[in-house]
Amino acid sequence: MASTVETEHHAPAPAEPVRDGIWRRPLKNTGLVGFLTTVDHKKIGIGYALGALFFLLLGGVEALIIRAQLMYPEQELISARTYNQLFTMHGTTMIFLAVMPLSAAFFNYIMPLQIGARDVAFPRMNALGLWCFLLGGVLLNLSWFFPGGAPAIGWFAYAPLTDRQYSPDMGTDFWIMGLQILGIASLVGAFNFITTIVNMRAPGLSMMRLPLFTWMTLITSFLIILAFPAITIALVELMFDRHFGTYFFNVEGGGKPILWQHLFWIFGHPEVYILILPAMGIISEILPVFSRKPLFGYPLIVFSGAVIGFLGFAVWSHHMFTTGLGVVATTAFAFLTMLIAIPTGVKIFNWIGTMWGGRIRFTTPMLFSVGFIWMFMMGGFTGIMHSSPPVDAQQQDTYFVVAHFHYVLIGGSIFALFAGMYYWFPKVTGRLMDDFVGKIVFYLMFVGFNLAFFPMHILGMTGMPRRTHTYKSEMGWDQSNFWSTIGAFILGVGILIFVIQIVYAYYKGRKSPKDPWDSRTLEWDTDSPPKEYNFAYTPVIHARDQVWEDKYGVEAKRMEKIAPGKHGIHMPDQSWWPLITSIGLFIACLGMVFHKQPIPLTAEAVFGLEIVIFGLVATFVGMVAWALEGPGGFHLHPDPAEYADATPAPEDGHGHH
Amino acid sequence: MSSHAANTDDPHAALEPLKKTSTGIENKKLAMWAFLASDCMFFGTLISTHLIYRKVYPTVVEPTEFFDIELTGFSSFILLMSSLLMALSVSAAHKGNIAGMRRFLLGTIFFGLIFLSGQVYEFNHFVKDAGLTLSSSVFGSTFYVLTGTHGVHVALGVLWLSCWTACSLPKDWAWYTLRGGRFLWLPIRVIFAPMVGRYKHENALDVEVAGLYWHFVDIVWIVIFTAVYLVEYLPILGF
Amino acid sequence: MRLRIRTPFLAAAGLAAGLLLLTVGCSLNIEGQQSALDPKGPVAKNQYDIFMLTLYVTTFIFITVGGALAWVLWKFRQRKGDDPNFIPPQSHGHPMLEMGLVIASAGLLVIIAIPTFGGIILKKVVPEELLDGAIEVNVVGFQWWWAFEYPEQGFYTANELVFPAGRAVKINLRADDVIHSFWLPKLAGKVDLIPGQENFIWIMADEPGYFWGQCAEFCGDSHAYMLFRAIALPEDEWEEWLETQQRDTVADDGSFEPLLAREDWGYPEDKILKGAEVFRQACAGCHSVNPRIQTNGPNLAHFGSRTSVAAGWYENEYDLLYRWIREPEKVKPGNFMYRGFLDRDGRTVIMPGLKDYDLSDEEVHAVTAYLYTLR
Amino acid sequence: MATTRDMADTQQKSDVPDYIIEEHKKYFTFFNLSIALIAITGIELVIIYVPINKWFVFSSLVVLSTVKFLGVIWWFMHLRWDRALCTIVFLIGLILATGTVTALMLLFSRDPDGPPEIMTLLPPFLW
């Protein structure tokens, strides 16, 4: 019997896509259906980017309302509750819906190109990640429209404020379940990226030849798979506390609220590196290109990235120096935290070393990158300051900390992500963004950012606590707050111009050649924008900065190209099931939010777990259908002109998939 | 290197194209190991929650009064045996012995179900006789959520392996050979009927990956068995 | 016609100068009510010193590393007329230099680490020489006010911490509902008040003084309004204060009539007596006026001698106090004085609030005046 | 494992591929392993009732469970035969999880108001 099965399997691959599974597989790869069923890492990357930019603007508007409220003392622009909701949603949105997905957009779009892969290892899982991210964002923001409104618990959601007794409304449940879906999105993405980077590198592309951005993608993915379980479990425990009467964090039953802080920061601290390491990767790509020099001390930068990631799991309690930890624990966590300054410093030294002796061109991506180094350095210094618990005792939960992490996350992550967007925009769209407008955006953002956040150092040291919706004039904080608000609006104008510019450039920008910056890494060797199959040939890598070597290096280090075999290039099929599975999860999570809650429009009906079960069944059906459908696949035959200089494929080989 | 890959008489060779990755490890297997690394943190967090509360409140409940260590020991035995069958099943799958693989898979599922029944019985006993519920004490909260999460893992594993068992049935498998009430079999048929006859030798990898998951659930139980059950019998310990 | 920024450095320098000026302008204000840069006690002083040390160290790094960065950007920039195809030497790294910088930065961290350890211990442990004469206070955080208990004397007060200058105050911190954080920036860095756990902090004021403090951990709707005041008194005034605080302020016959001599009431007698009646009906359920009893609202014995109301948000003036009682929901959204206490499910009311009493303007005036007779 | 070798030696038919022989060898490994695992479980069940030093019993439990754990991942889960990278990936998670559990256990004390036990070894001013 086995042999019968075998011969069936080895039937020649059909030229047409396989129409298998419960539903017919979608074939149309344009329009709405094409987008909803796509498994192409590039389209998924663009989906992530658009979603993330939308949420960046949303979170930005929330921030501007916050700053407007704080512009003058004792203002009553918004209520205390609204303010608390705004800062909760601002933090959650920026971390989970803006910076992480924007990084994920680069992981998706750029990383497979950098390693010469046709797609990621599990294309449909990749689509699932995108849909979970978008639906998670929707779920979180749906809370605004239900009684009680958005959560007002802070992005850290310290128990027991999240207990039903203190936050009876559904907002907290929206927050819990929204984060669970977003966690799934991050996790499936991370498993996918790890497998892709480790397993799907082009021939010759050894780990120590990987572009730095790909390395940071790998380390970030490991951080995600190891950090997110902690928050997942903490959220499950909190959900049980709120819905099923357990006592994990409830003092009356013997629960310890401090446990929530530990579990949260076991996740939360690596999360900080999840936000910053991709940015460091982007910077490490851009600096060499515009200095026309290779990265200085590549092995050490890779190694320090790994060390930062590893140490990130050993320092979580430095967020809790004021919670009454013992002297030994405090000291240990303080010294471990200080250690992190060393690998971080290494990176800065090496970035300067990269530019040293180079030929620096100040294009927009380069300006953002240099701005990143300055701002990140500032954020690092304040980080060193509150790694010392006595200093932190004054700074914890004040605007000093707000200044610190905005220097790291805006001056750091956002600046780097903007650098990345300016840098890779020509690759993604085939069009250039205007350099002059780009510089205006940079200077507006740079000035606005510093004006908004530098005074916060002083506010913090002069005693202004975070998360307060107003303050008294006697405190002497009026002036700094005023200027800070002005700065925030300048920063907002900068970002607005950026959005206009990116839309304009998409339609009207100048056409870009495939390598407009004279770059160094593999993604610049394919078309702009890349074809569906990324590379018409299989690249065989012989050097770290392969594209640079091709242009300026010695003959021995030139890239070899292998033409596709006679079957053409194998491509995965599109699928509805990732979308359906994620909708099932969405329904299940929504059902958990509605559990035993009076829902508008259903005045009398109160749901138990019916909706959750329905959603889980839908998820299960989606997964089974997904598995039965199989990866499918079809073959494309690129125009031979695209691989004119390639050597023919060996007859029996499948080529590099 | 893969000149014999085209030799279709050799079922082992059918797996060769899957191994054409940079590391020689199949994508699915690597992703599963990464998932298991991640799952270590899941259960690590749950187990720490339980142990922390046991340590902080060592005398609030006396679990040994209602624990039935013989039953739990038997459950451990069952899971270990199921792991053996799973390993044999993967081995059979790699040899291309589909019938053998299916037999061992059925055995694994059977043992998994026994384990689950044991857990249901145990929970029932704790709730009814010992009055231990989710909200009776923080011990109840941590105990049920920890062992319950493990139980859900086992149940998902049973479901997963059932799918592969159904897939491994021959295409001409006659459902009427299964005796039983129509209503019992109907949902099972609806779910599993589309899978019948789909197993191909290249799916040996999928069975192996499902097996990795199953073994992991087993080793989590090894830890839970010691950390949650056995140490309770050492009264002087507060860890 | 396109404008081109040819001299990014000039622009950057101008920017830097402008920001610097603005920064200097803003930082002139370091002596605010809650400034940690203006320490008045040994703990805050120690923390300030370590902060300044980290500031010096990081400024040193900023000047050296930042200087190197600025120099590199200036020196190696592509100038007008440079050959655009110039390829600089492709150097890949310099391991010895990199290791040297790693070791140097580790050395700088050691400079910070040593006093850090001393600071950690100082915050936790009252130095031996200060133990003599130290007093003890228990602080309990509530949404959104503070209860202060003087266990050695056995009385309670609220929202104003009074202690003798020049003596250490050992403070035990507990919370009743959610997490709060006790912070008196001029005297010591913060320590959290966490339900189900007791924390410790000690403070000392070198000189008599009046200090502002604030809750520093987000604790719900009115977190921003959870302030308090701390008053360090000279020794003789402290003794006097202690004695006053332990006196009863109202008659113990249940009439809530003030014990203060009638000629000192300062308001018409019938107004005060009416106020006492309103207080008995609407307020006494939560507010104790007996200094030895703590109920679930702030203790109001000797309220008349306090300097602030509404947990330090308002100065203790008639109009502000009137407003606080008249429309508490507007002054502090979500407060329990207005909406009452809820059960664990967050829905059932177990103790009514002012919204259920519907006091008239006249009654509020009466109770406001009455409160000033509690001295 | 004489049996295994005997079987391999007596394989006369040249058309039996190597991987079949490999899988046959694994059968014996798996059986032996499962017997060992059950034996260890039995020992664990008995040892908790033996009236000897409880810390010794506790340490034995930890060691025995670790042996079981490693046995399953090493043989049942094929790490023995797979590439080292699988082991490395899993160990990253396992080590971090173990470290986190340990650190958490040290951070929480049995007495809610007291120091963690490990700190009782240190001078009191450090608590």
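Every chain is named by a letter (A, B, C and D) in the order it is written, and numbering of its residues begins at 1.
Going forward, a contact is a pair of C-beta atoms (placed from the backbone, for glycine too) under 8 Å apart; a residue touches a chain by one contact, two chains touch by 3 or more.
Please read these numbers as outputs of a predicted model, since none were measured by experiment.
**Student:** Pick the chain whose C-alpha centre of mass, unweighted, sits closest to the average of all protein C-alpha coordinates shown.
**Tutor:** A
**Student:** Where are there more C-beta contacts: A-C or A-D?
**Tutor:** When A-D is set beside A-C, the one with more contacts is A-C.
**Student:** Quick one: report the Å distance separating subunit B from subunit C, using the average Cα coordinate of each chain.
**Tutor:** One centre to the other, that is 53 Å.
**Student:** Between subunit A and subunit D, what is the gap in Å from one C-alpha centre to the other?
**Tutor:** 36
**Student:** How many angstrom lie between the CA centroids of subunit A and subunit B, rounded to a whole number?
**Tutor:** 32
**Student:** Give me the residues of subunit D that touch two or more other chains.
**Tutor:** Only 85, 89, 92-93, 96, 100, 104, 108, 112, 125-126 qualify.
**Student:** Quick check: what residues of subunit C touch more than one other chain, meaning two or more?
**Tutor:** Where subunit C meets two or more other chains at a single residue, that happens at 121, 196-197.
**Student:** Provide the list of subunit B residues touching at least two other chains, using ranges where the numbers run on.
**Tutor:** 23, 25, 30, 34, 37-39, 41, 44-45, 52, 56
**Student:** What does subunit B use to touch subunit D in their complex?
**Tutor:** Contacts found on subunit B: 10, 12, 23-25, 29-30, 33-34, 36-41, 43-45, 47-48, 51-52, 55-56, 58, 69-70, 73, 76-77, 80-81, 83-84, 86-88, 90-92, 94-95, 208, 211-212, 215-216, 218-219, 222-223, 225-226, 230-231, 233-239.
**Student:** Contact residues on subunit D for subunit A in the complex?
**Tutor:** 85, 89, 92-93, 96, 99-100, 103-104, 106-108, 112, 115-116, 118-119, 122, 125-127
**Student:** Give every residue of subunit A touching subunit B within the complex, in rising order.
**Tutor:** 1-3, 5-10, 22, 121-122, 187, 190-192, 194-195, 198-201, 205, 225-230, 232-234, 236-237, 240, 244-248, 253-256, 259, 263, 266, 624, 627-628, 652-654, 656-657
**Student:** Can you tell me which positions in subunit A touch subunit D when the two form their complex?
**Tutor:** Its residues touching subunit D are 194, 198, 222, 225-226, 230, 256, 259, 262, 266, 313-314, 317, 325-329.
**Student:** Report the residues of subunit D in contact with subunit B in the complex, numbered from low to high.
**Tutor:** Where subunit D meets subunit B, its residues are 17, 19-20, 23, 26-27, 30-31, 33-34, 37-38, 41-42, 44-45, 48-49, 54-55, 57-58, 61-62, 64-65, 68-69, 72-73, 75-78, 82-83, 85-86, 89-94, 96-98, 100-101, 104-105, 108-110, 112, 117.
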